[in-house]
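In what comes next, chain A is part of two complexes: it sits with chain B in the first one and with chain C in the second one.
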Partner chain A sequence: MKLLNRAISGTMESSDIMVEIIPWDKDLEINLKSDVKEQFGKKIIALVKKIIDENGIEKACINLNDKGALDFVIKARVKTALYRSSKGGSDE
Partner chain B sequence: MSKLRRTMLYVPGSKPSMIKDIYIYKPDSIMFDLEDSVSLKEKDSARFLVSEALQNVDYRGIETVVRINGLDTEFGQEDLKMMVKAQPNVIRLPKTETAEDVEEVERIIVELEEEYGIEKGKTKMMAAIESATGVMNAMSIAKSSNRLIGIAIGAEDYVTNIKTKRTPEGTELLFARCQLLNAARSAGIAALDTVYSDVENMEGFRKEVEHIKSLGFDGKSIINPRQIEIVHEVFTPTVEEYEDALQVLDAIKRAEESGSGVISLNGKMIDKPIVERARRVIELSKIN
Partner chain C sequence: MFENFSKEYILSNNKKRREKTSKFLRTLNLNFDENTNITINILDGKKIVATASAEKNLIKCIGVDKNYRSKGLMNTLISEIIRYQYEKNIYDLSIITKIKNKDIIQSLGFETICETKNIILMENNKNKFNKYLENISDNKLANVESSAIVMNLNPITKGHMFLIEKAAKESQQVYIFIVSEDKSKVPFKTRLKLAKEGTKHLENVKIIEGGDYIISSQTFPTYFSKNVDEWINNYCDLDLKLFGKYIAKKLNIRKRYVGKEPYCELTTYYNNKMKEILPLYKIDVVEIERLEQKQKAISASLVRKLAEEGNISQIKELVPEATYKYYISKED
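The block that comes next holds the complex of A and B.
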C-alpha cells in the first residue's frame, strides 16, 4: 500500500479513537494521547504498528487520540485512515 | 421451531459506542446499518467498523444482520465485498422492488463466497420492501432466492411513495402489511414489520406491536433498546393462552390413546390448525 496524503478517521467520542496518518520520508513514528496510556499505551501502539506493518508501510507519522476504544475499533479506524490516505482523498 | 425474530435492533454502523455492547439488550437480531443512518462521508469508515466488529466481537449467538447500500449507489458493491467476507448471518437489501434486485445481489454473493472460500449458500439474505412497486411484487421477491430468510416492510419510504403519511391507526399500511405477510407465508419465510419512530410514545408503540402481531408478523425492526421489552412481552403468550394450549395438546394425546378419530374440547372440535397453533404457543412460552 502506498500512502498518498494526510488522512484522518474516527472521532473524539467515547469508545472511539481518532487516527491521523501523515506520509513522510522519516521512519515510522506513532504518537499516542490516551487517558489510559499508562495501562494500555504499549498494547495500543503494538496493535497499530502491527496493522501498519501488515500493509508494508515503513515511513509515516501516526497520531492517535484515544477515547477508550476497544481493539476492534482501533483496527477499523487505522484501516480506514490507511484506505483514505491510499485513495488520495480526505485531506482534512 | 424456526428462529425467533421478534426484535431486529438497528445500530448505526458508524457508532463504536453502540456497536461494542449492543448485545447486552438481548434483541433477537442485531442489524448493523450501512445505509440511511450513515452519512455519505462516513460510508467507508462504517464498513470497516462493522466488518471488524463482526470478526472480533462475540455477539453471544444473537443473529447479526447488515443493511447494505443499494447496488444502484456507489457504495453497494463495496459493502457487499466487505460484508460477505466479514460474514454476518444475514445481508439485508434496502429498497427492493423486483425479484431481479435480489437475484443481482445473489449473483455477486455467489462470486464472493467462491473467491473467499466460504461455503456456498452460507450468506443469507433478507429484502426490505419500501415502495408501491415492491409491495405489488412482494410475492415474486419473497420467492426469488433460497437464501432469503425474510422480507420486511420499510414504511417511511413506502407511505411517501403512495402519497400519504403514517397515522396512529396504520390504515395506510394495512394493504402493504397484508400483502407482505401473505407473500412471506406463501414462501415460508419471516415477515418483519417496520420501525416505530416515536421512542417516547410507548403506548402507541405497544398498540402497533399488538396490531402487527394479530396480523401474523414474526416481529418488528426497532430503533431503541427500550422498545425490546414491549415487543417480547406482546409476543409472549398469556398464562390463559398457555393453559388453553396445554389442554388442546392433552385432548389430542387422550384421543390418540383411545383411538378416537374425532377430538373435541369443551364442546369445540379440535382440528389440525388448532393443534399447530397450540404447539406454537407452547414453544413461545418455553422461550420466554
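The block that comes next holds the complex of A and C.
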C-alpha cells in the first residue's frame, strides 16, 4: 500500500477514535492522545503499529485522538484512514 | 437516548437556517458571525441544541443548549467540522472560545496559543504558531531595541508616511506589520507592494506581513457577547497579548507607534487598550498627532472616497508617488 494524501477517519465521540494519517519522508511516528493512555496507551500503539506494518508502511505520521475505543473500532478506523490516504480522499 | 438527534449542514447562502442558528445562539448570549462558510447544527427533533461554524481555518460560534451539555455534543460537532474542512484540504484549525471551554477543546486535540481573562485561542497544530514566530524572526535586521507600527495601509498615504518617517528618525529599527486580511478595498498584495515602494528610501524600515496573528479574523471573535464593548474588549486583549508576549519579543520591539485616531471609535478604543496592555510587556506606546492638510487629517478612507468619485488628481497631494501611480494605472 502506498500513502498518497493526508486522510482522516473516525470521530472524537465517546468510544470512538479519530485517526489522522500524514504521509511524509521521515520514519513512522505515532502520536496518541487518549483518556485511558495510562492504562491502555502501549496496547493501542502496538495495535496501530501492527496494522501499519501489515500494510507495508514505514514512513508516515499517525495522529490518534482516542475516546476509549475498543480494539475492533481502532482497527476499523485505522484501516479506513489508510484506505482513504492511498485512494486520495474520503469515499463517503 | 440519541435516537432523535440529527445533524444539519448549512452553507452561507441558506439565510433561513442561518437566521434560526443566530436565534439559538442569542439564547446563549452569543452572536452569530456572518463571516462563516459552514455551520453544522445538531437537532433534537426540529430543535437546534448545538451549533458550530467555521470560516476557513477558524472554528467559531460554538454553542450547546444548557439542557444538553455533558452529552458529548461538542465532540460530535468538532469532529464533523474537522472532517468537513479536511475534505476541503483545510487541515490546521483554530478555535477562539470562552475560557471556560478550555478543557473540553483541549481534549479534542487543540492546544493553547494565547489566553486572556475571558477568551482563549487554541489550535490543533501548534507548529503553525511556532513557524509563524520563526518567520517573523527571519525579518530581524539587527539586535537593537526596535519600534513597530501595525497598519492596514489601505492604501498608504502621506499621513502614514509622516508616522513611519517619524518612527524611523527616532528609532534604530522600525518594523511595519501590514494587516494581511484581504477584506480591504485595496488587495493585500498591492498594499504590500505600495508600502515597500513608498518606504524604500528608509534604510531602517522593514515591511512585514501581519499574517494570522495580528488584527486578523483569527483574533477577531465577533460573537462573544451581545454587548459590543465586551467583544471589542476581549478581542483587543487577545490581539495585544499575542503581540506583546510573543511577536514583539522575537524582534526586540520596545516601542509601538500609532497615529491618533480622530474619526473611528473602534480604533480609538484599540489605541487606548494598547496604552494599557503593551507596557505590561515593557513596550512603550507612542501616539502621534495626525498629519493634517487644510485642517483635515489625511486618511486612507478619504483617498478611497476620492478614488471612487474619480477625483484622481486630488489624490496626488495626499499620497506617495507609488500610490498615485497605482490609481492612475487603475484608471486606464
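Everything below uses one rule, namely that the second predicted complex is superposed on the first by the 89 of 92 C-alpha atoms of A that agree within 3 Å, B and C clash if a C-alpha of one lies under 4 Å from a C-alpha of the other, contacts with A are read in each partner's own complex, and residues count from 1 in each chain.
Note that in this section a residue touches a chain if its C-beta (ideal position, glycine included) is under 8 Å from a C-beta of that chain, and two chains touch if they have at least 3 such contacts.
Fair warning: this is a prediction, and the values are worked out from it, not measured in the lab.
**Student:** Label the relationship between chain B and chain C on chain A in the superposed model as either fit or clash.
**Tutor:** When both complexes are placed onto chain A, chain B and chain C end up side by side without any clash.
**Student:** Can A:75 be said to touch chain B (first), chain C (second), both, or neither?
**Tutor:** Only chain B; A:75 stays clear of chain C.
**Student:** Classify the contacts of A:12 with the two partner chains as first (chain B alone), second (chain C alone), both, or neither.
**Tutor:** Second partner only.
**Student:** Name the contact category of A:53: first (chain B only), second (chain C only), both, or neither.
**Tutor:** neither
**Student:** For the superposed arrangement, I'd like the angle with vertex at the C-alpha centre of chain A and ends at chain B and chain C, nearest 10 degrees.
**Tutor:** 110
**Student:** First (chain B), second (chain C), both or neither: which does A:29 touch?
**Tutor:** It touches nothing on chain B or chain C.
**Student:** Once chain A of both complexes is superposed, is A:65 in touch with chain B (first), chain C (second), both, or neither?
**Tutor:** A:65: touches chain C, not chain B.
**Student:** Upon superposition of the two complexes, what minimum C-alpha distance (Å) separates chain B from chain C?
**Tutor:** In the combined three-chain model, chain B comes within 8 Å of chain C at the C-alpha level.
**Student:** Output the chain A positions appearing in both contact lists, the one against chain B and the one against chain C.
**Tutor:** Looking at chain A, the two contact sets intersect at 10, 13-14.
**Student:** Over in the complex, which chain A residues touch chain C? Could you list them?
**Tutor:** 6-8, 10-14, 18, 33, 35, 63, 65, 67, 89-90
**Student:** Per the contact definition, I'd like the list of chain B residues that touch chain A in the complex.
**Tutor:** Checking each residue of chain B against chain A gives 15-17, 20, 44-45, 48-49, 51-53, 55-57.
**Student:** Any idea which chain C residues touch chain A in the complex?
**Tutor:** 72, 75-76, 78-80, 82-83, 86-87, 91, 107-109
**Student:** Across the complex, what residues on chain A touch chain B?
**Tutor:** So the residues of chain A touching chain B come out as 9-10, 13-16, 69-73, 75-77, 79-80, 83-84.
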